[in-house]
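Take a look at this one; I'll ask things after.
Note that the chains take the letters A, B, C and D in the order they are written out, and that residue 1 is the start of every chain.
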Amino acid sequence: MTAAIRANLPVFAVIAPLFVAFVLPTFARRTRLVEGLVIFVQAVGLWGTAYLARLVLAQGGLPIIYEVGGWSAPWGIELVVGNLGAFFLLVVAGVSLPVAIYASGNLAKEVEGARRRAWFYVLYLLLGGALAGMSITNDLFNVFVLVEVATLSCCGLVSASQEPSGAEAAFNYLILATLGSGMILGGIGFLYIVTGHLNMGFAARALATVWQDYPHVVWMAISFFMVGFGVKAAFFPLHIWLPDAHSVAPSPASAVLSGLAVKGYIICLMKVLFHVVGPELMQVFSLNRLLVLLGMVAILIGSILALGQDELKRRLAFSTVAQIGYIFLGMGLLNVKGMTGALFHIASHGIIKSALFLAAGAVITQTGKERVSELAGVGKKMPITMGVFTIASLGLVGIPLFSGFVGKWYMLLGSLGAGDYLAAAVIVAGSVLCAGYLFPVIRVAYFEPAPADDWQEPGVRQRLALILLAMGIFVLGTIPGPLLELALAAATDFLVFN
Amino acid sequence: MTDIILALLSGLVGGIVIALLPQASNRLRNTLVLLFSVAGAVFSWRVAGTVFSGGTIRLSGEIAGLAWSLQPDPLGTVFGLIVATLWLFATVYSFGYMADEPRQRTYYAFLLIAFSVALGVAFSGSLLSLYLFYELLTFATYPLVIHERNDEAIRAGVKYIAYSLCGAGAILIAIVVTHGWAGSLDFAGGPLLARGGLRPGLGWLLGLYVAGFGVKAAIMPLHRWLPEAMIAPTPISALLHAVAVVYSGVYGILRVVYSVFGHELMAQMNFSRALPWVAGFTILAGVIIATQQDVLKRRLAYHTISQLSYILLGAFTLHPWGLAGAIFHMISYSTLKITLFFGAGIVAKQTTKIRVSDMGGVGWQLPWTMASFGVASLGMIGMLPLNTFWSKYYLMRGSVAGGKWPFALVLIISGFINALCFLPTVVAAFTGDRDQLSREKGGNVTLMVAPTVLLAGIAVLLGLWPGLVWPGVEAVVNSFFIR
Amino acid sequence: MRILLSKLLINYPYMASVVLFIIGASTVLTRSNLFKKLIGINIMESAIFLMFIAAGNTRGGAVPILDQANPGASYINPIPSALMLTGIVVSVSVTAFALALIVRLYDSYGTTNARRIAEMRNGVADR
Amino acid sequence: MLLVILPLIPFLGALVLIGMGEKVINMPFVASSIVLILGSWGLRGAFAGMPITYEIPLSGPFNPTFQADAVTAVFVVLAAFLWWAVSIYAPEYMKHEGRIRSFYICTLLTQSAVLGVFVAGDLFTLLLFFELMTVASFFWVIHRWNEEAIRAAYFYLFFSIVGGLFIALGLVFIRAAIGGVPTIGTGPATFLDPKFFPWGLALFLAGFGIKAGMVPLHLWLPHAHSVAPTPASALLSGLLIKVGAYGLIRTGELAGWGMELASLTRWLGPGLTILGTCTMLVGVTAALLQSDAKRLLAYHSVSQMGYIILGLGVGLFLGPAGGMGLMGSIYHIVNHALFKAALFLGVGVVYVGTKKTNLYELGGLWRSYPVTAILMFLAVLGITGTPGLNGYASKTMLHHGVSEAANSGLPLMIWVERLFNLVGVGTTASFTKLFYLMFLGKPKQEKITQGERWQFQVAMGFLALVMVTIGVRPNLFVDACAIPAAQALGMEGAAATAMGLSFWNIGDIMGMVITLALGITFCWVGLKTGLFHLSPPVWLTLEGLGKMAFCQLQTALASIEKLYLTLSTSLLSDLRARGNGLLLAIHRLDTSGTLTAGGRSLADISLSAGVLIGTLIFLILAYTYIDLGSYVRLPLSLMR
């Protein structure tokens, strides 16, 4: 029995949340049960992914390949838990568990009605399953389907709050994301036309030989992929939908949207670009330079826009745009260090941004203040929440001992290794700007004269979730251990064994 | 080994303890603060004892796969001792100064935390840990800078953070490059880049380092945050912006020059020839601007900018005597500058006068304070019974011996202008009618005056007997020039 | 020119899909009615489906049902068709979800005109 | 050990006085008596040519060393005697000035520092006491704490500090040149690095010259000496400026007395000669124009210091034959100390009674102050160089020295000799004026609040006694002090030079008498024609020039600062404005969500979709038509 479970663990990681998601509506009225189930699934998922990651690490980077339905590669669908898959599974599971815990405490204040909340959890689990699937699937069309599932659940999560602006943001997001999906599908189509394969490995092998015959078609495919995934991943300048959507969603939703969902699309794009197209071809098309250039612009513009926001969650949303720029920049460097940095930044930004959004959500639900300038005194009244916010800010800025530093350090190494000093300067400038938009929050919260309002800390579960995330930030910054190893190995996979 | 951990922890733990005692009475809190400060100082002295008696203390590990280490060498130990000793004085002074101020809990908590962070800067044995503590120092001192919590303080705080972070960013890039070129960031094995010899881009790297650390060391034109930060309470201005924080920048540059590049490599680089001129310019420009300031603390701030470059000038001479002068100036300048700031603080607290032009007669009210202030002023000029004479002497000797004799002249001219800057202040304090002055009597005078006078006394003692600290200076110089 | 034209003619399904794609895109871009935007999206997706299926077509190919008795010379590629079935399902679900959102927007704002909604929201924000 | 004890005695006295609280005893008297006895007893060996040295073994770079050779002994005994005499005078006088306790403390500390300078065995120690002396005597000058006193004191302090800094820099250069700490009393230094040696000497010259009131660095002197309480003025003029001279003697020692100087330092002799001559001339000219008695005396201090510096210069210039110049200088140092102190004390007596020091408001005081008038007259005779009093002896020796130099045929020296005589005339004229206006003529003041006191008379009497003794038996001092001192400095031929010296020859006496006669005539003419009321335009006087230069410096500093401020603020505000504008533009595009292009405006979602599709088209076109590789590579490669 255990052997069977172990053998099918990769598929369980995807199926389990999806299955529970379908079951949930039946107990829609019993909120406690729903919450317990969700947390249980996430906890089990975390355990399972940790086990998988250990397995992958123990195998020295050899992937665990699962053939769905027993059909082997060129025809059937493959699930490959390699270094990358294990890494991102771990991130997804690691972030979504605290967020689920937080949601169980805080959602009642943000979403009205038990049924609505149950549906929220359905979408939440669907998103989790889709992200897990995206991280391990090795089939292009499967990627499309999972991306669609994730997109739809994201839109649902955005529209979870009753406010009309939520619906509007969700609609905008939906339209754009669907356009993006269409383009992804188009890209898959072009690749399929050229190579005749949907399995990434086979497609890559075919592409290596045929691309010279159809350079324009290949470029079309890449362009479609770039725009399609770019809009979903909020890559500058396709980030337009993000600030609205992420700031209007309930805070747990914002946390997973900013922390995880966006990263899922980036992982898919990475797979397409590095596993299918391959670094050599990227260089031929100058794609790496494009990524670095746009990444730098994203860092600067995103940060500057964040500086101008007074609404806390909007500020965080723009910050996400800038941080996504980091990841793309790291990708574009085309060396192992830069890639490691980008991957690690996916993890650390996932945790940090979730912590920030959750803390912001806690502040907003407890005080009703949405603007940075109104937060005076929050630090005194809600020490734990603001403490976590502070730690997360330090992490995002990239102070050593906190997780953000590690990613940036590797990206800096990468950019200097690539001889790109401008990129290094922009990485550092982004840090400084990041301090510029996050420290005012802390300053106002702690050091400005406080009004006499009687605010209180959020409930135990929210605090627990926040502290878990803060610990995660600290642990990742000091002993990133297996996660960094996985990122390093995944980066090596991307760039060396191709 | 345990000493170093305890030295670092005593401040940190103390800060947390203070922060967790919101209801504590002033007396209890002060006792605790003193206890933790003394503990930190004692352990630092023990560390120093080990280092100077030839022992090695090393504590290393990995943060996120990057090797860090705490290994005080003579330079770091000297800096650590300056920090630890002067912190005690500032703490006692704070008891007097802060007696009737609000937000004492925050103040003392961060004072203690900043203490341990500053010790961390001093004791770090690799560029990475140096960078870590250097960054943390900014954040640990930020609440102290904006202690007043008014608009001006907040603006100053923003400026402080912004400048510091930009500097830290430059350092980060430089560290990454160094890591790439040298393969290690640990100071223990001699100058990091020396083995690689000259290579293109070395000048840029040095420039990055100097610009990065130069922000805190207030090299012109990166100095603008410093006068603004003078809005902080006086003990903080004295300790942080005349000594600890700005010294962390100076210390960083010393480290870069002697532990990252090494003086042999520096001597071969064209860029290093420009650096003394930057320092010389800052020396003169800083003190010239200082003469024009009417607000005493601002005057002291610009003067700090000038004096910090003395140390840098000594370092940039790349000569043993210059380095000796720099180290000696670190010691002697800190004692005197703290005295000056303490004096200014007592005057501000006791008579609410902050402008030099208003200070007529203050000297008769606060004779001990102004006497100490006067002694320290003479020291800043470089007169002999004070310890700064020796630092200045060795700086000049280093400049002359290092073939950079114009800088000896710069130092002398700066001495003239220092006289123009401070003597009127002291003399003005004693002019005017000594009877018709009101006095506010804020704070606890005894606790403020005692450390001030004591420090002035120490300065005189060191001036008469520089041999008291000379072994430390010698050890530093030997550690870099004799291998 | 003639070669180009002949190429275009030979690849008529692709041409059609391009035309459809442009129509869809311009609809999304220029129409401010939410429904029309949705329809534009659907048109675009149809263009991509068409391209996909056309890619799987083999000229003169038979239906890909393996008939032991009468093995054809060539079959059309069944995979694109199968995939597009999934794609259509996805598309339908997206449409359904979008329609639900439009209903909510109409409830809130009383209009389905994107520009007016934007104006109303910005007005709220400005106030 | 004695050498440490000597400066320590007054210091301990000051501590005792501080410890005693409000109660005041005449501690300077006690201390200087002890020092006088101890010094003249303990240093007798030094006079006999057996120097004493002592070292305090401190660890580190600074080991204070002390030494006493004959030069030191002369100066120590002189200082002790002068302090002793003045401290008899001071208690009574200071009743009028007030703050007697702080005056005592300051007097004691200054004495301690001065003694320290004299017994210092290396230049660091010397500099230490030199600076201490500056600070201690600063409180003398500022004693009255009124505006004038503060200004003068500030001026004094600033100049002294500058002098100290010069010496410090000189130390660095000398240290670099000779490769060791320069010591005192060990003869000429051998220098390894000739580049820095002359510069070091020049800096010493400037540094000690400031203290000695050497033109053009004398500007502080008249103010400081005239504003201090009279006993302090007496000591300032009598002794403190001699510390500068002492420094110059020791500087000469570094270069080498009694030997042909190396080519690098040969300028030292002529240089000092020129500076000395200028100092004499400027001092005496300014003194003639003064109406305030104390200022007149102060300017005469400058002038007399000129004699001393001139003597030193001639001594160095003549090399082995320069004994006369050197000994004349040392002799004149002693003499000037005596009569200048006496003169100041006399003026002080008058000031106590009349509260006036303006000569033109005084007159006919010999009736009220008969003893003072006689003692003052002796001092005047001394300073003018009348045969039979001490000034004659030293001036004669100096004159011999200058004549010898003139015999060398150098035109410079010939002119120096002529000017030397001219200054003698000026000195006589100004002191005739002083004595005539003060004690002779018609009485002008209404009432005299206080007459003479025995303390005043005793103090001045002691000084006068020594003056007359020296005047009558000039050779006594030469044999007992000047020759050992010169020999201790390395002037081997000093004894031989002095042997042939006869003070009482007709030529010298006649010369002096002619000078006196001319001086008195000049004074008569000057008083009749109002020449002494002439006030030259500001720019002509050194003092005015100095003041102008100082003001210019201040304004220059201020304008530099202003320039910096305007530049930095305008630059920063410009940058800030630009940055804000950019931010605003980006922000506006972001929030409005509308983009108008070609008459069609795209709002919100349409805009977003437009961006998306536009990006796609850009990407496709970018590859197809614009060579993306070079396009993107270009800006990046530029930034490398």
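Keep this in mind: a contact is a pair of C-beta atoms (placed from the backbone, for glycine too) under 8 Å apart; a residue touches a chain by one contact, two chains touch by 3 or more.
Quantities reported herein were computed from a predicted structural model and do not represent experimental measurements.
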Chain centroid nearest the full-protein CA centroid: B
Pair with more cross-chain C-beta pairs in contact, given B-D and A-B: B-D
Centroid spacing, where centroids are CA-atom means, of chain B and chain D in whole angstrom: 36
Approximate Å spacing (C-alpha centroids) for the pair chain B, chain C: 68
Length of the line joining the C-alpha centres of chain A and chain B, rounded to whole Å: 44
Centre-of-Cα separation between chain D and chain C, whole angstrom: 98
Multi-chain contact residues (two or more partners), chain C: 28, 37, 117
Junction residues of chain A, two or more chains touched: 171, 175, 179, 421
Residues within chain D bordering two or more other chains: 604-605, 609, 613
Chain C partner contacts - residues on chain D that touch it in the complex: 592-593, 600, 602-606, 609-610, 613
Contact set on chain C toward chain A in their complex: 28, 34, 37-38, 41, 44-45, 48, 51-52, 55, 79-80, 83, 86-87, 90, 93-94, 97-98, 101-102, 104-105, 108-109, 117, 121
Residue ranges of chain A touching chain D (in the complex, touch as defined): 171-172, 175-176, 179-180, 183, 216, 219-220, 222-224, 226-227, 230-231, 237-238, 240-241, 285-286, 289-290, 292-293, 301, 304-305, 307-308, 419-422
Touching residues (chain side chain B, partner chain D) in the complex: 221, 224, 285, 288-289, 291-292, 378, 381-385, 389-390, 392-394, 396-397, 400-401, 405, 408-409, 411-412, 415-417, 419-420, 423-424, 427, 430-431, 464-471
Chain D contact footprint on chain C (complex, rising order): 25, 28-30, 32, 37, 114-115, 117-119, 122
